[in-house]
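Each of the next two complexes has chain A plus one other chain: chain B in the first, chain C in the second.
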Partner chain A sequence: MTQTLSILLSVHIIIGIIGTIASYATLLWLFKRKIPIRLLKISSITAFAAYIIAWITGGYYYVVYYGSNVKPIIKDGPNPWAHSIIMETKEHIFLFLPLLAFVILLVVWLKGDNLQENRSLRNALALVILITLMISVSMALGGIVISGSAR
Partner chain B sequence: MKDKKNKIINSFAISAVIAIVFITFAVIFGELYKPFKNWLADIFNHHWIGKGIISIAIFYIFGFLCYFKISDHEEILIYMLKIVFWSALAGVFAILSFYLYEYFLVIH
Partner chain C sequence: MDLHTFLITIHLIGVALGVGGATFGGILYLKALKDSKIDPMEGEWLSVIFTTLRVGLVIVVLSGFGFFIEYRMTGQEEHLLDPRLWAKLTIILILVSNALLIQMRKMPMWLGEGLSITSWYGALALGIMRDADYSYWTFLIFYAVVVFVMIGILSIIKRLYLGKWII
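Let's turn to the complex of A and B:
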């Protein structure tokens, strides 16, 4: 693997974790007694930006290197399911993240002032953040399984 | 007076649902009908890039177009956010179940 690709892979992992932390922070701050709107805006835009950067860096690595170099090793190894189930699911479900993060971003930035008194809106937004967080955490766990299977 | 903020969120929420449905459909249909997956690969260099670009195009085009038709009511906004949650959850389970089915039940 070239140095550029290994840097891109590292950026993908680090920025993906930052996105997960930002989504978690958004969910956590949403349920504070006094909602910190400014922090909520920062965490929601951080999560969106992180998922976009993780998409581009991971996507480049996946298209240029993974398919021709890593995938055959996993498929011929003792855990072919790591690609056939985990990677196949991960690469496609990841595509939901930027969409969900953008919807969260819009609600926080446009309706942030209404979240304190409108409990229904807050709970509905929490559901969207929750599924985003669940997908994001499963991406990280999937990545660990896949890289472990390629060794 | 129309609430533009609600309209913007509602239109992007509905376009997110449409994009999620497209991704789920494209994944499953692409595996079952290889010419579709190959077509994506031919046009976009890789089927995954194709799915990504089309889903983003759907998201922003529908998000823009729906703005002119969608309601500006806050109740609709809350309802739409719940639909976004359920469609994402259903998409996750559909894609995961499909690859489990492919791996364990389909003889290659």
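Let's turn to the complex of A and C:
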């Protein structure tokens, strides 16, 4: 693997985890007695930017290196399902993350001031963030299994 | 300092903040319960401790994924499927879910407190027990047993300190 690809993969992992942490923080702050709108705006935009960067870096790594170098090793190894099930799922489900993060971003930035009083809006937003968080955590755990199977 | 030493140092700082925060959070919460109310100063201290705890959690997660990168880049991928690592990841997931449920006021304090303290000490123990060669489920069953033992111990401590049973 070239140094550039190593850096891209590292950025994909770290920035993906930063996105997960930002989504988690958004959900946590949404349930504070006094909702900190400014912090919600920062965390929601961080999550959105992080998922976009993770998407680009991960996508580039997949196309340039993973498909031709890592995939054959996994498919010939003891856990071929790590590619055929987990990576295939990851490739498609990941695409929800930037879109969901964008929806969260829009609600927080445009309707943030209503969140304190409008409980149904807050709960609906919490559900969307929870789904985003669950997908994001699954992506991270899937990444560990895929990398662990590349031997 | 090489990357591995750097990651271990950062990871230990995170664990220290988490374990320390969970312990002192528990002690301070117990002291606050003595007069059956949490006054503003106690509330402020608890808030500082919980913030420290969350900072510790973020450091642990980020440095943990730093190890992931290190293993991937240095051809030590076999560590990534180690049952000890997956038990630790599960405990961290329980920890973050617990913090979220406490924040949402959906978690009773007796259970949340027991889970928080056991999870932090459990993650610490799993980090130390480098030669422990058990299956993922053995680790988790042991963890579940310790959670209930910890809940019992905390109840007895509260009974002795407060003079009444509190759940």
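Everything that follows uses one rule, which is that the second predicted complex is superposed on the first by the 151 of 151 C-alpha atoms of A that agree within 3 Å, B and C clash if a C-alpha of one lies under 4 Å from a C-alpha of the other, contacts with A are read in each partner's own complex, and residues count from 1 in each chain.
Keep this in mind: a contact is a pair of C-beta atoms (placed from the backbone, for glycine too) under 8 Å apart; a residue touches a chain by one contact, two chains touch by 3 or more.
Model, not experiment: these values are computed from the prediction.
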Which superposed partner A:13 touches (first chain B, second chain C, both, neither): second
Chain A: partner with more touched residues, chain B or chain C: B
First, second, both or neither for A:141, with chain B first and chain C second: second
Touching partner for A:118 - first (chain B), second (chain C), both, neither: first
Contacts on chain A seen with chain B and repeated with chain C across the two complexes: none
Interface residues, chain A side, partner chain B - complex: 55, 59, 62-63, 67, 81, 84-85, 88-89, 91-93, 95-96, 98-100, 102-103, 106-107, 110-111, 114, 118, 120-121, 124-125, 127-128, 130-132, 135
Contacting residues of chain B [partner chain A, same complex]: 5-6, 8-9, 12-13, 16, 19-20, 23, 27, 45-46, 48-49, 51-52, 55-56, 59, 74, 77-79, 81-82, 84-85, 88-89, 91-92, 95-96, 99-100, 102-103
Interface residues, chain C side, partner chain A - complex: 58, 61-62, 65-66, 68-69, 71-73, 75, 77-81, 85, 89, 93, 96, 99-100, 103-105
Chain A residues within the chain C interface of the complex: 1, 6, 9-10, 13-14, 17-18, 21, 24, 27-28, 31-32, 79, 137, 140-141, 143-145, 147-151
